[in-house]
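Structure, as structure tokens:
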Amino acid sequence: MSFKDICVAVNDSKASVFVNGKFCKDPKLAKADDFFASGLNVSGNSVPQLGFAVKVVDVNNMPGLNSLGMSIVRADLEPQGLSPLHTHPRATELITILEGTIYAGFLAPDAANIFKSRLFSKILNPGDVFAIPQGLIHFQYNVGHKKATLLASFNSQNAGVVIIPNSIFASDPPILDDVLAKGFQLDKKVIEELRKKFS
Amino acid sequence: MSFKDICVAVNDSKASVFVNGKFCKDPKLAKADDFFASGLNVSGNSVPQLGFAVKVVDVNNMPGLNSLGMSIVRADLEPQGLSPLHTHPRATELITILEGTIYAGFLAPDAANIFKSRLFSKILNPGDVFAIPQGLIHFQYNVGHKKATLLASFNSQNAGVVIIPNSIFASDPPILDDVLAKGFQLDKKVIEELRKKFS
Amino acid sequence: MSFKDICVAVNDSKASVFVNGKFCKDPKLAKADDFFASGLNVSGNSVPQLGFAVKVVDVNNMPGLNSLGMSIVRADLEPQGLSPLHTHPRATELITILEGTIYAGFLAPDAANIFKSRLFSKILNPGDVFAIPQGLIHFQYNVGHKKATLLASFNSQNAGVVIIPNSIFASDPPILDDVLAKGFQLDKKVIEELRKKFS
Amino acid sequence: MSFKDICVAVNDSKASVFVNGKFCKDPKLAKADDFFASGLNVSGNSVPQLGFAVKVVDVNNMPGLNSLGMSIVRADLEPQGLSPLHTHPRATELITILEGTIYAGFLAPDAANIFKSRLFSKILNPGDVFAIPQGLIHFQYNVGHKKATLLASFNSQNAGVVIIPNSIFASDPPILDDVLAKGFQLDKKVIEELRKKFS
Amino acid sequence: MSFKDICVAVNDSKASVFVNGKFCKDPKLAKADDFFASGLNVSGNSVPQLGFAVKVVDVNNMPGLNSLGMSIVRADLEPQGLSPLHTHPRATELITILEGTIYAGFLAPDAANIFKSRLFSKILNPGDVFAIPQGLIHFQYNVGHKKATLLASFNSQNAGVVIIPNSIFASDPPILDDVLAKGFQLDKKVIEELRKKFS
Amino acid sequence: MSFKDICVAVNDSKASVFVNGKFCKDPKLAKADDFFASGLNVSGNSVPQLGFAVKVVDVNNMPGLNSLGMSIVRADLEPQGLSPLHTHPRATELITILEGTIYAGFLAPDAANIFKSRLFSKILNPGDVFAIPQGLIHFQYNVGHKKATLLASFNSQNAGVVIIPNSIFASDPPILDDVLAKGFQLDKKVIEELRKKFS
């Protein structure tokens, strides 16, 4: 929620206190560049293991977004590239395919049985749009034969991202073995291997 | 604000009552297509006078957006094509340039003198992103030599659009001449001509 | 949204950082005067060209309004005086006529054709109340033979005001001629004259 | 929160179901009168015992206020007339004095001792404005020698009103005697008398 | 509303300015203890006159609650112990009985006559849950023969509490006698006695 | 957000349309039982494989919670019983231990590397309180030698629950093998086994 026409964030990385959101610059000092970012025409740095690259424009690099409730991401996926199962705790996501063929889906709890879920998925081609409700687990996977590119917009200046397998198996400190072994119905030895793979 | 994992709108156009937002479908009947739209890979129908075309994906044609707080628009501008001065009463806008060269800007009231304003504008090229705060007047204009295309996302399922010149001069019924002549410091004859041009 | 019983703003005009909203005073130092303002019994300073005067009570001069989501304005209009076409980006407005006869209206986009709008207008007399939805263009005009006075309340501590003709033609820097000429279907020479009139 | 330009309430008093807020009329059928009410130039019906009269404009008699988050009340107080201790559970109140002299105040809990409170009060004259934070107990009392009139605006379409003494002593069914006697440190006989006075 | 995964409050009691809510710690310095509090297994300090004790966990003693919108309270009531008529201006309350037998109720204004109210009350036993809407007057009273204990959760990090009789009769400065005498229909002498009892 | 003092949900399970949230009962028909639920003094039905039982009080079985923004759950864990990794997409959770010894934790993304996370965990004993921010993955595990019981309150009338392993491996239809195998760095055969275990 905004209380001002303009509330450009100041870089508070050296400040000893922080606010929820960001402090604002003196509005007189705001300039067009505060509402501007570039570079979504090229891919971000790839995570080779996943064949997946992201480039983020949010309040951290576009300070004018402070209090405006939006951000945007470009994602590139190599063939068989994967944006693994993840959630955004503070935003709905709306994706638009620019290039390639992507299999995308989200999981909604099954109202009749919370230990099950329903998968809502689509094969998406250029110009297709797909919505992912706030907080639900989702993924994007390149099922085509060439690179795929999408833009994902979010209704938060800082949507957050929780990558499910990595958050769980590469946490610091690690979660107690028993919790993971029992929760995933896997042997503790497998849990230990997963920890190694993700660390 | 969402109270359910899924709240797909029903088509209530024939219903005798409406809600703020939309009614929800029985969640059991929700399907992936409710969260899907296509066609943002091609331009919408052009408004020839302006050299401008839009294609909208919002809660009216993607019912799954109900209660999710997002929508998206593709805009295409011919060279010298214009998305004229307008506002969105219920959303911030975040634009990303896909093709071409666009001069975009918004007007923020001048805190020291409400009868003046500050223009925040940029020349934008592919991959550039620009943010427009909720409710502020803005425009996009193709200053390049070929077609320009952008995606604009909004943090509302139904952002609304108020096109300034047209709303004012093509209203039904018309606004009293005195109000327009005095407000715009134009002769009533000019006001009358403007009404004809915009009707 | 408020998180405290009392969050009186401090005068942060000399601070080097600002917040969205305002910082709060130590609640122990809050006093009744922080929730008090005077002077709405007399007219503000008039803008002679418009025959229009306003006096504002918002978080900037009543610090107790910080986080409370309200403000109020007194407007006085000479006969033929005009509060020109304007919007409030962050608030709905509710006006009550105290004296005189006012023609007031707002423009709502026409759902069937976004290049048109519907005018909702009324002639208002003392004791009449009229509501103007957030972000929609509106005006008030004195159609009587004596001074008219109204109170306008807002559901924001800092509603913002965008005066349409002035914002557009008296912006700093100016908007590119082509954008205005094409958007308003006016000759560039007329645009230039309008800029002079409003500067 | 509004999702539409216009969401005029329908009269649902005979409907078998209700919504939080109100259903909307078909926007095509909305008219200026939906955003209009009259009569705040004259006093409402007086409650003789208190020397106090109110006239309310909220979503129940101005259907256009649906989803807009505002309402307004005119209150008239005879000399020694009292708007007794009350709260509004869903809105902040901003009062403006039109005539007369009013002693107004609100009680804020004392952070150091929740069994105490701080009184924020002012003597108010025409043109004075006073703010009352959401949910806090407050009153207005005519300390002048002639009738006093004020306008009170609220940031809710339906602010609610809880009149403290009457709610407590004229509830149906009555609150257990012990609760009232112990809470107010009064004899049960006094409680019984108070119940009679307020019923 | 939260804009960050973690926004742990810093102790700002010595700061010269305050925010609505609290400043955040550097997220890197957040620790599990910021989201932890202990001691709800034992009763708080009793207010002997009322036979009532509370222990509060809110943003003031659990800094991790900052921006999360929740708090919790343990209340213990001796037989005939009373949590007197009070409201929470910024939160709904949900109580769960752990031990004993409690008579709890809230007052909702009567839509047909604002000078009356409806009492919604229940006798509650262990495992029973009762909801109290934001801002409405309510109480809890031990009608059993042994100590009663309940947990009350709130959807605010700082719900606020206004204890009706005490706020009114132990305010600093006192409310004008006339306001209380007329509002409660009590003799000024009784008002004076009440002030003494509550001070 | 609430617009009424009382907005009790009607059972709309057989209605052909739904709203976001629920329809309200005629307020005149609301009764104390609408704000009441019982049974949190005993355990819910256990999920034997996990040694875990829950009992939920939310808007679906306490209709008075409609629009009030709260719900509550009792959870019981056998020794080594587990509430497996899960998230609540629409609420923060605040847990209070009633009996036993529980190891609880949540995962917050590591700001420096989104492929890692930080675990915030505590061993909790009776009377301890622990907060879990909205949308973050968390768990509770009984590390003691006897049954453990906790109450968990939520700031949503319908918080939602996404149980991570089950949602992922027991979805209908299943997620493409490649997505799971690559995301979890597991052999497809293992994925197949996990699907069988969770179905």
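Letters A, B, C, D, E and F name the chains as they come in the text, with residue numbers starting at 1 for each one.
Just so we're on the same page, a contact is a pair of C-beta atoms (placed from the backbone, for glycine too) under 8 Å apart; a residue touches a chain by one contact, two chains touch by 3 or more.
In this text the structure is predicted, and so the values were computed from the model without any measurement.
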item: Touching both chain C and chain E (chains); value: A, D
item: Most distant chain from chain C by Cα centroid; value: F
item: Pair exhibiting more inter-chain C-beta contacts, A-E or E-F; value: E-F
item: Cα superposition of chain A on its sequence copy chain C - rotation in ° rounded to nearest 5; value: 120
item: Centroid spacing, where centroids are CA-atom means, of chain A and chain D in whole angstrom; value: 46
item: Separation of mean Cα positions, chain F and chain B [Å, integer]; value: 39
item: Distance between the centres, which are taken as Cα means, of chain C and chain B, whole angstrom; value: 22
item: Shared interface positions of chain E, touching two or more other chains; value: 1-2, 5, 19, 21, 27, 89-90, 105, 109, 121, 133-134, 136, 160
item: Overall pattern in which the protein chains touch one another (line/ring/star/complete/other); value: other
item: Contact pairs between chains, per stated definition; value: A-B, A-C, A-E, A-F, B-C, B-D, B-F, C-D, C-E, D-E, D-F, E-F
item: For the chain D and chain E complex, residues of the former touching the latter; value: 47, 50, 80, 82, 84-85, 87-90, 103, 105, 107, 109-110, 114-119, 121, 133-137, 139, 141, 143, 160-168, 170-176, 178-180, 182-186, 190, 194, 197-198
item: Chain F-touching residues of chain D, taken from the complex the two chains share; value: 1, 16-21, 59, 89-90, 156-158, 160
item: Sites on chain E touched by chain F in the complex; value: 2, 5-6, 27-28, 30-33, 35-42, 57, 62, 64-65, 68-72, 92, 94, 96-98, 105-106, 108-109, 111, 120-122, 124-134, 136, 151, 153, 155
item: Residues of chain B defined as touching chain F within the complex; value: 1-5, 7, 10, 12, 19, 21, 23-27, 66-67
